[in-house]
Amino acid sequence: MAEFLQFCASGLTVGAVYALVALGFTIIYNASDVVNFAQGEFVMIGGMTTVFATAAGVPLPIAVLIAILAAMVIGLLLHRLAIEPARGASPVTLIIITIGASIFLRGLAQIVFDKQFHSLPAFSGDTPINIGGALVLPQSFWVLGGAVVIVIALWAFFNRTVTGKAVLATAANRLAARLVGINTSFVIGLSFVLSAAIGAIAGILVTPITLTSYDIGTLLALKGFAAAMLGGMGNPIGAIVGGLLVGLLEAFGAGYISSTYKDAMAFIVILGVLFVMPGGLLGRASVERV
Amino acid sequence: ADTIKIGSSLSMTGPASFLGDPEGKTLEMYVEDINANGGVNGKQLELVIYDDAADANSARTFATRLVEDDGVIAVVGGSTTGATMAMVPVFEDAGIPFISLAGAVVIIDPVKEFVFKTPHTDRMACEKIFEDMQKNGISKIGMISGTGGFGKSMRGQCMDVAGNYGIEILADETYGPKDADMTPQLTKIKGTDGIQAVVNPGFGQGPAIVTRNYRQLGIDVPLYQSHGVASKSFIDLAGEAAEGVRLPAAALLVADKLPDDDPQKPVVTGYKTKYEETTGEPVSTFGGHAYDGLMILVEAMKRAGSEDPAAIRDEIEKTQGFIGTGGTVNMSAEDHLGLDLSAFKMLEIKDGDWTIVN
Amino acid sequence: MRKLMSNRLAVPAFLALLVVGLAFVMPSNFYFRVAALVWISALAVIGLNLLMGFAGQVSLGHAGFFGLGAYSVAILPAQFGLHPVIALIAGGAGCALLAFVVGRPILRLKGHYLAVATLGFGILVSMVISNEAWLTGGPDGMPVPRLALFGWRARGADTWYWITGGLMVIGALLAVNLVASPTGRALRALHDSEVAARVVGVDVGCYKLIVFVISAVYASVAGSALALVNGFITPDAAGFLHSIQLVTMVVLGGMGSILGSVVGAAVLVVLPQALTVFHDYEHLMLGFMMMAFMILLRSGIVPSLSMLIGGRRA
Amino acid sequence: MVRRRPPLRSDEALLQINALRSGYGRIEALHGVSMEVNRGEIVALVGSNGAGKTTLLRAVSGVQPVSGGAIVFDGHDVTNAQPHARVKRGIAQVPEGRQIFSPLSIEDNLRLGAYLRKGSEIDRDLDMVYDLFPVLKERRRNPAGGLSGGQQQMLAIGRALMSGPKLLLLDEPSMGLAPILVDQVFQIVEKLRDESGVTVFLVEQNAFAALSIADRGYVIETGEISISGTGRELLDDERVREAYLGV
Amino acid sequence: MSVLQVEEIGIAFGGVKAVDHVSFRVNEGDVFSIIGPNGAGKTTLFNLVSGVYQPKYGKVLLEGADVTGLEPQTLARRGLSRTFQNLQVFFRMTARENVMVGRHLKEKRGLLAHILALPATARQNRESAAAADAYLERVGLGGYADTPAAAMPYGALKRLEIARALAAGPKVLLLDEPAAGCNAVETEEIEKLVRNIADEGTTVVLVEHDMKMVMRISDRVHVLEFGKTLAEGTAEEVRTHPKVIEAYLGTHGSKEAAVALG
């Protein structure tokens, strides 16, 4: 039982990170149909900026703020300088642009920061908390709590605010959105800024557990993307469910089956789910009338 | 030509950048240094250096480029075993001496005419660890290894030699090179009866996370790391969790703690001071491998007195009593590494610093 | 119709001339090697372009097939003493079979879901390759026996230049043939509207499968060629990053353009070599160039340029 | 849509189009179109497939780049204004092909029509749209993509009305509607003009019905205006009867 | 003999019974029209008959054989083809190529021959192109053959779909609002085309809101409302059916229908 709980704790912590990355994917995808493969870079920027700011003597809360702002600015620049000028290009073209952006940002980080791994002190100590025999780091609760807060805020944003609806409308039909008076370029820019912020927050929360370096983005983007698809692309709740599920699968795979093939476990389950539910677990069935 | 061209292809970015980065910096630093002091055989050295990002195919292309396009006469480089092995045929075909900076024993076993290496082999690291265990009466262990090239290869070597030391491996877990949490694997090890110690072959950030998770789960048997984490940044990353961790490593890490009569002392202190002053980063044994490789090559060139690759190769093979950061090197036609177990020191982390275990 | 015939063959003919012509201006073996790498990537990319550009189905796991092709010429000769050429063919056949088996369920998915499923497939393949060290040498890779035909050994980069260039031209020729045939039309049709294709009798599932299998064979052959050229192979060839690279080559060169496939491959193979002068800024530049290319030539290099040129003429 | 005073039909132009040119890539679809729509009137535009009707409407609402000429709306030159700025000024379009937000609910679709508006009038207008098209009310929580073709057309009209426009651009509003609804739509258009003072620019294939309610009409042929006049005049014009009315 | 027979067919989406126990028979060579208010289930019925949707219950018989639930491509092989209310055009192809795809079932397949570009393939391409040109000519799009579909106006695309469906050589052709977006004159052309198709022996099932056309052309008319059959009969019978007038025709429709039937 303690063992089981331990795997759960591990899965949920790692899963929460994937979930936050998946959420970032979801937001930009919702607004613009772009799968932003630079999403992992926002996580990296969040973590690395905080590390370097605190190392420079900036108090943690301010460093966190700086990091989130930095990511948001980069998100905005990414939209204004790379996505917006390619307006009207096909989704694949935009995806390749985001891949280019992720290479660019990684290249930038290796110059601005360095190529070392870095860590942050945990927000509330390193003493594990004993839950039914499982030993869980306090930072795990920060990560999970952060994920919960963000997803609730986003849910409210998309379902309760006009701007949120405008984001969804822009995704559903860009032409129609423009015709009802939505400034689509602003909306898409907003979505980049928003998901950059979420990415950065994720990066800051997890760095004390997972460490960070200039090139952690790729793998996070990959897992986050898989998680988003497992949950059903475009659905924030799906992103969370998908992320946690991938995390749990990895943990239980490693714990009960084989640590060598634990990633395989996650992907086999994803493939299996998609075969049965081609729109992901919580994906809206696409209504395309002929 | 009035300059001597030597080449290198390193993993300065990518998954093995923590190897390639200090290696590259070391080479550039010392080539400058050598040139400032009059060069080799009266000629200036010219270093051509490429970043293969640990990709074997790129490494292979750069190897061809070094030989065909740049016309180098010798090569120091290859941060990872995969990249090294991909380059080997090019240099063997071209007859260019190649000193690799990668770990695995396959690079020099079997011996290849033009291929040498400076880092201790993973097999030696296993032997050193098991030797220490034997001394402490440990015979039943668990293993958790990275699935990257380094971890995987060392795991294999350890399995191979465990029997020689009467060591039994009861648990054998792995983790991916970029994994962020190893508590499930460690929980399994923790739950395995009779384990007296755990070994963690691997490099990069993985071992630091393993170490942290190890303490998080309150596992109280000794934890052995490998020479793959032999840099100060491991202690920084693992923090307090690193206390008590043991690992085999070169003298470089404990330069200041070596007895004054140790022949390696001047070499390692010299390198350490220079590296840390120039780069502002803590020294690692990886950069040291590059230093050793470059110096072995330079001395061979001096002895050969020519720029003929074949002559240089012969002289490299004749390296005797060279004192580097990794130990004393005595090469021969059968041994293109030239280090023995004595080159390794068993270290333990105490109060956030390395100490030598006797 | 005469004109259409000559049009179709124009691209492979041009490529053949290119292969021959370039050979005369290559300054050293290094350039031959880089060119050979371009031809190899181009071959894989042409296959992937059939799948992506014409049939509109993404695959983020094509490096899986590439890797399997590569390892088949490494493993089969070493373990079963097969001749490398036989191993290459066996690899292609094996990939075709594998693509056939996994293709049915995977290709029922659409868009990003298809992307993630193929991604998963690719990752599974690369995991097996890197974990089953007893067979594949693990992450550090394994050597590949030299290709020898009738006692003649393929060694130098220039030899490989010709072999891979030949393979690439043949690949391009077969691809343009396919595109111009009824099968090609069915593929392009299902790209635009599956339901419309079905109601005129196109068995959409079957055609997706056909093109998936074909593209897998292209990737496999390209992988075998790379392994033979290098004489050594690591799991990177089958990895996720390589899959992404192949997709990038397709899009960069131009979806649905065979010539674009070669151009896309050339750019991404040559660029890193050219950018080494930037040292630490290499990746920055690579990312920047990729973005710049895609923003300025958003339909891919070849289609965008031909539109530009066509526009001026008109 | 009730917020404006009942009509003051006037000769003052609300929309003025001068020598407008536009096209797709190298193909020019409008070769210098000039026309105007006066405040409070219904103007119908008829023409055969591919004449450029849709292109003209798209240019007016700002989603179609123009290469020459000018569009003046309500005294402001909007030739280069962003679409959302034009919506703000009071232009709403029911686009060809309906262009609804498929995954969003019907009510969300309608509310998004009022995206740039604030205040309680929105709810009142929503009720009004639901009164016009009761089926939309029944299904208001469902995704709009599930609606039948004609139902989607109703939704598109309703959405445009939700912005409380001064000028309503209708691109073939009767397309795909059941005959009984075609009646209704034309009645609604007339009612909008007469009771709410909305100016309507109507593109319609059902030329007879359109010209019957129109104050004035234009005929467009391959990107150029060929005939213009009052609705009556056009209905009686021999060329129009032959080419568009089929009598 | 009835070439197409639908028995008690039905499907629901969520709570909506889109098609609810509908039955009818269509005789060979007839023009059989299905009309009804928006959302009555006409398109859904087409989707059920053509295999795009699987019916929840009920049967479809084509030339007497049960074809319920078969895939669209299988039905196409058996001689059933259709057009779409929401355009489904191959936008990346020219008009000619669109129609050539319609010839798919008539083309010789053989992957190897295609990849190797054997002379037979070239011959096949020529044949298909010639056939496609003939169909384009027939629907009045002769001038558009080399135009990319993306650059064609809406009305032309509707006819392009008809040409493509015809190219498949169907025995039964389902047309979903072929005249939508066409003016009176263009509608008359389409009407002629449809009549022409029927005269050559192809059975046409038509969904259309243009009452002039429906009334003039139909041998029988089937009326749906809320997924259920409201009435069926000759044009004259349906036109005067009070419920049909109330639910569907209204004054405008009645007038048009009256004009059409003289």
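So that you can tell them apart, the chains are marked A, B, C, D and E in the order they are listed, and the count of residues begins at 1 in each.
Simple rule for what comes next: contacts are C-beta pairs under 8 Å (C-beta built on N, C-alpha and C of every residue); 3 or more make two chains touch, one makes a residue touch a chain.
If you're wondering where the values come from, they're calculated on a predicted model, not measured in any experiment.
Participant: If you check the contacts of chain B and chain C, which chains show up for both?
Facilitator: A
Participant: Looking at C-alpha means, what's the farthest chain from chain A?
Facilitator: The chain lying farthest from chain A is E.
Participant: So which chain is farthest from chain C, going by the mean of the CA atoms in each chain?
Facilitator: Computed centres place D farthest from chain C.
Participant: Just how far, in Å, is the C-alpha centre of chain D from the one of chain C?
Facilitator: 50
Participant: Just how far, in Å, is the C-alpha centre of chain E from the one of chain B?
Facilitator: The mean C-alpha positions of chain B and chain E differ by 73 Å.
Participant: Round to the nearest whole Å and give the separation of the Cα centres of chain D and chain E.
Facilitator: 29
Participant: Between chain A and chain D, tell me the centre distance in angstrom, where each centre is the average of that chain's C-alpha atoms.
Facilitator: Distance between chain centres, rounded to whole Å: 42 Å.
Participant: Quick check: what residues of chain E touch more than one other chain, meaning two or more?
Facilitator: Within chain E, residues 43, 52, 84-86, 88 contact more than one other chain.
Participant: Which residue numbers or ranges of chain B touch two or more of the other chains?
Facilitator: Residues 13, 147 of chain B each touch two or more of the other chains.
Participant: Give me the residues of chain A that touch two or more other chains.
Facilitator: Answer for chain A, listing residues that touch two or more other chains: 110, 260, 263, 289-290.
Participant: Along chain C, where are the residues that touch chain E in the complex?
Facilitator: 1, 4-5, 8, 174, 177-178, 180-186, 188-189, 191-193, 195-204, 210, 256
Participant: Mind pulling up the chain B residues that touch chain A in the complex?
Facilitator: Checking each residue of chain B against chain A gives 12-15, 17-18, 21, 147, 173-176, 178, 180-181, 183-185, 187-188, 191, 204-205, 208-209, 216-218, 233, 236-237, 239-241, 281.
Participant: Looking at the complex, which residues from chain C come into contact with chain B?
Facilitator: Interface residues on the chain C side: 27-31, 33-34, 37, 130-131, 133, 138-141, 143, 155, 157, 226, 230-234, 236-237, 272-273, 276, 279, 282-283.
Participant: Once bound in the complex, which stretches of chain C touch chain A?
Facilitator: Contacts found on chain C: 52, 58, 105-106, 108-110, 112-113, 115-117, 119-121, 123-124, 127, 131, 195, 240-241, 244, 247-248, 251-252, 255, 280-291, 294-295, 298-300.
Participant: Using the touch rule from the top, collect the residues of chain E that touch chain D in their complex.
Facilitator: 13-14, 16, 36-43, 85-87, 151-156, 177, 180-188, 209, 211, 247-253, 256
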